[in-house]
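In what follows, chain A forms one complex with chain B and a second complex with chain C.
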Partner chain A sequence: MTELIQIIVNGMANGALYALIALGLTLIYGVMNLSNFAQGEFAMIGAFGTYYFMQMHMNYLMAMILSLIVAGLIGFVIHILAFHPLRKSEPLNMMLSSLGVSVLLVNLSQYLFSPNPKVVSNSFSEDSIQAFGVFLSQQRILIVIVSLILCGFTYWLLERSKFGRSVRAASLDPDTATLYGIPTNRIAFITFVFGVALTGIAGGLTAPIYNVYPTMGISLTLKAFVVVVLGGMGNIPGAIMGGFIVGLIESFSAGYVSTAFQDVIVFSALFLVLIIKPEGILSKVQGEKV
Partner chain B sequence: MTKTRLFYTAITILCIVCSIASLYIQNLYLLRVFILAAITAILALSVNILVGYTGQISLGHAGFFGIGAYMVGILNVNYHISFWLCMVIAVLFSGLMGLILGLPTTKLKGHFLGIATLGFGVIVNGVLNNWMQVTGGPQGIRDIESPTLFTIPLEYGNFFLGFIVACLSLLVLVIYLLIKSPIGRAWSCLKQDEITAYVTGIHVYRYKLLAFTISGSIAGFAGSLFAGYMTFISPDTFDLNQSISIITTVILGGSGTIAGPLLGTALLAFLNEWLRNFDELRLVIYGIILVAVIVFIPEGIYPFFKNKVISIFSKRKKASQPNTSIEPHAGKDAVNE
Partner chain C sequence: MLKINQVVSGYGDIKVLKGISLHVNEGEIVGILGANGVGKTTLLKTISNLIKTREGTITYLGQEIQNSSPHKLISMGIAHVPQGRHIFSKMSVIENLQISMDHANKKSNGKDRLSYVFDLFPRLKERLKQLGGTLSGGEQQMLAIARALVAGPKLILLDEPSMGLAPLVVQSMFETIQQIAKDGTTILLVEQNAVAALEIVQRLYVMDMGRTVYESQQITNQELDKIKEVYLGMSVS
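After this line comes the complex of A and B, so read on.
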């Protein structure tokens, strides 16, 4: 019984993290129609940023904030160079461009920081809480809390604020939105930087649990894509739910089947969902425009 | 007709000359580069059937490549079946896998299709890495038999290169005929607009399944050639990076053309070898070049230069004629809104 609860709790903690990364991914997809394969690399940047700022004797919170700014700035530059020129081009080209960015960022960080894993330790990662025989490190609790707060904030931003209205308009129909005076290009910029910064925070949050290394982003990108497809593209509550589902599937397969087949099981679940309900679990069915 | 016939004769002669010339290459390093490039070219052609002619995406083609290679490896090493029979089984089996992948995924479009095929690649790689009893896990399979063709031992690089260039040429011919056949026309129709194709009476679902099956079996063929050449296979060759580099080759060269993927393969093979001078920065520069080419030449290198050449010649001929062509994007937008 305790084993089951432990598995569920761990799955939820990982799920919250995936939800946060998927949130950035789904925002960017909604506005720019871009499947950003470099998304996980920004988590890597966030994690490395946190590591190096903490090496400079800053506290964890400060390091995270600075590294999220760094991730946002790098995202800004990449958007100008790699995505903005392609905004009128086919989605496939944008996707390939993001693959190129991913190759570039992974190998650049391998060159700059060496492939060896680095360990970040903060006060949260050492202490753990024990309740009903279940162990839970404070860092995991922090991840869940921060992720939920950020998801809630993003949801509020999109649904209630003026900025959010223009983002939604731009994602529904960019041309009409432009006619109504919404600066769609600028919205795309802001959304990309915002989405990437969210992922940067996620990277900073994982750093104390998993080690920091240049290729850490790739598996995160894959997980985030599964989350986004499960929840429906461009759907925030869906992304959160999808995150928890993926986290749970993963921890259950690690607990009861084997850790080696974790990815296989997660992607098989994705296939199952795609066969049964290709629009995602939470999304409403939309007809196709002729 | 004489002009086109001359063109085809020239290409046929070129292929034969290439096959024969490959027997005289002395440099082992060069041989290896050429053989691997030829295998990549076959893979690129197979992805091109999906991406270029049918308008689908495949981000998991390394899966088919791996299935082909492992079919040969497993059957040959564990069950001592001769290489050629293994190859036939591998091609059929990866075609079957293409069909099975196609069953659910042909209903998907765009990004969803991309992610689903990517998932296929990840699943295959995961199985190859972890199903120890059959695939040998990360250690892979060793000592695959080198094929012998009509008493010619293909374990020598020269003979293998000659053989593979001949295979490549034949494959190009087959794909060319396929594209010109009613099947190819149906594909190009459903690439333009699925609903129109459906209304026209084309069974969209079946034609997409056919494209997946053919593409899968060609990739499996490339895999079996790879297994025969390397005689050693391990899961690292068939990972996500491989899938990505295959589709990149196609898009960079120019999808939807036959020369495009071949040109893309040649350029990327050359680039990869040249970048070895930069050691650790190799993949960084590769990434930069990739992004730069997509940003500046999104339609692909071959169509870009072809249009350049055509426009240079047509300017001289039709300098006096007014330009009546409509920019494609303008018309497309007007129809959509």
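After this line comes the complex of A and C, so read on.
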């Protein structure tokens, strides 16, 4: 029983991270039609930012907030250089450009920070709470709480605010959105920066658990793509739910099968979904687009 | 109100509009007729700047607009109802209307404009929460026109409002369009359904090969027959 609860908690914590990264990925896909293979690198930037700001004797939360701003700023520059000029060409070109950005960011950080993993320790990562005979690390609880708040905030922003309406309209039909007063280029900019900043926070959150190193983003990108495909490309609730589902599948496979097999099982689940319900598990039958 | 002077535009290397000129006076319903592929939709897209004007000028209320950003035109009073309706399919009816109201020029009397469109299209009021994509074709066209109207436009560019609709629906749609014009909104109507359009337009142009080939000042029955026969290929008995 305690083992089961432990597995669920670990799965939720990882799932919360995946949800956050996938949320950024799916938002960017929806508005820019960009499959951003550099998404995970922004988690890496967030994690390195958190590490270096903490080296400057800032507390953990302050360091995370600053590094999310750094991730956003870098995202802004990258959008100008790598994506904005390609906005009218084939989506494939932007995707290839994102692969280039990924390689550039990984190598740049290897050059600047060395490939050696760095350890971030904060007060949360050392303490754990004991409840019902289970040890819950405070860091994992923090991850779940922060990520749920951010997912909730993003969902609210999209569904209830004027800005969110503009984002959804721009992603459904950019030309018509333009006709009805939405500056779609500016919306794409803001969405990209917002999306990578969310991922930057995920990096800051994961740093105390998994260490910080230049290639850490690559596997996160892959996981986020699994999540986004499971939930349905461009589907916001799908990305959030999908994140938790992938996190749970992973921890259950690690707990009951073997850690060596956890990725095999996650990707098998992906193939299954692609075969049975390729539009994503959370998508309903869509109204015909006339 | 709107004056198009020697406008050239197109896609890539292909010129679709080859020096077209026409004008719309305030309060009119002006029709642009012509067969498929003569550049009618391109003309409207060029007016709303989704396609860049390469040569010539477009003047609206005394101001050249061919270089202004396309998303600014709605607040200047030009609303474009695109061909195929293009409502936001995964957004509710009320959200479709809100999008337009968010960016309208007269933010103050939004409620009046909403109740005006609900008077015109009571059906929409019953379906406020329904997703746009689940509406019938006729209802989607109503929503597309309503979305333009709630922005409080002075000029509406209407692209093929009859497309894909049953004849009875087309008839009531065109009656509503006439009503909208009577209420003070100028309309530039692009149509392939010449019979329906001829019923309501006050002036018309016939387009061919990216130019206007015919312009009528006043539509008399005699002239109507000539238009039908010569330019629209309809046999007149």
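We take it that the second predicted complex is superposed on the first by the 285 of 290 C-alpha atoms of A that agree within 3 Å, B and C clash if a C-alpha of one lies under 4 Å from a C-alpha of the other, contacts with A are read in each partner's own complex, and residues count from 1 in each chain.
Definition applied: a residue touches a chain if its C-beta (ideal position, glycine included) is under 8 Å from a C-beta of that chain, and two chains touch if they have at least 3 such contacts.
This one's a predicted model, so the numbers in the text were calculated from it and none came from an experiment.
Visitor: Is A:Asn59 contacted by the first partner chain B, the second partner chain C, both or neither?
Guide: neither
Visitor: Output check: A:Asp175 vs chain B and chain C. Expected answer is one of first, second, both, neither. What do you get?
Guide: Once the two structures are laid over each other on A, A:Asp175 reaches both partners.
Visitor: Should A:Ser161 be classified as contacting the first partner (chain B), the second (chain C), both, or neither?
Guide: Neither partner.
Visitor: Quick one: is A:Thr184 in contact with chain B, with chain C, with both, or with neither? Answer first, second, both or neither.
Guide: second
Visitor: One more residue to check, A:Phe267. First (chain B), second (chain C), both or neither?
Guide: first
Visitor: With both complexes superposed on chain A, which partner does A:Val229 reach: first (chain B), second (chain C), both or neither?
Guide: Only chain B is touched by A:Val229; chain C is not.
Visitor: Report for A:Thr2: first if it touches chain B alone, second if chain C alone, otherwise both or neither.
Guide: Neither partner.
Visitor: Please tell me which partner, chain B or chain C, touches more residues of chain A.
Guide: Looking at chain B versus chain C, the one contacting more residues of chain A is B.
Visitor: Residue overlap on chain A between the chain B contact set and the chain C contact set?
Guide: After superposing on chain A, chain A residues 175, 288, 290 contact both chain B and chain C.
Visitor: Please output the residues of chain C touching chain A within their complex, sorted ascending.
Guide: Listed in rising order, the residues of chain C that touch chain A are 48, 50, 69-75, 79-80, 82, 84-91, 95, 98-100, 102-104, 131-134, 137, 140, 147, 151, 164.
Visitor: Would you tell me which residues of chain A are touching chain B in their complex?
Guide: 29, 35, 81-82, 85-86, 88-93, 95-97, 99-108, 110-111, 175, 218, 222, 225-226, 229, 233, 258, 260-261, 263-264, 267-268, 270-271, 274-275, 278, 288, 290
Visitor: State the interface residues of chain B toward chain A in the complex, per the touch definition above.
Guide: Those in contact with chain A are residues 51, 57, 104-105, 107-108, 110-112, 114-116, 118-120, 122-123, 126-127, 129-130, 195, 240, 244, 247-248, 251, 280-284, 286-288, 290-291, 294-295, 298, 329, 333, 337.
Visitor: Within their complex, state which residues of chain A touch chain C.
Guide: Interface residues on the chain A side: 162, 165-166, 168-169, 172-173, 175-184, 286-290.
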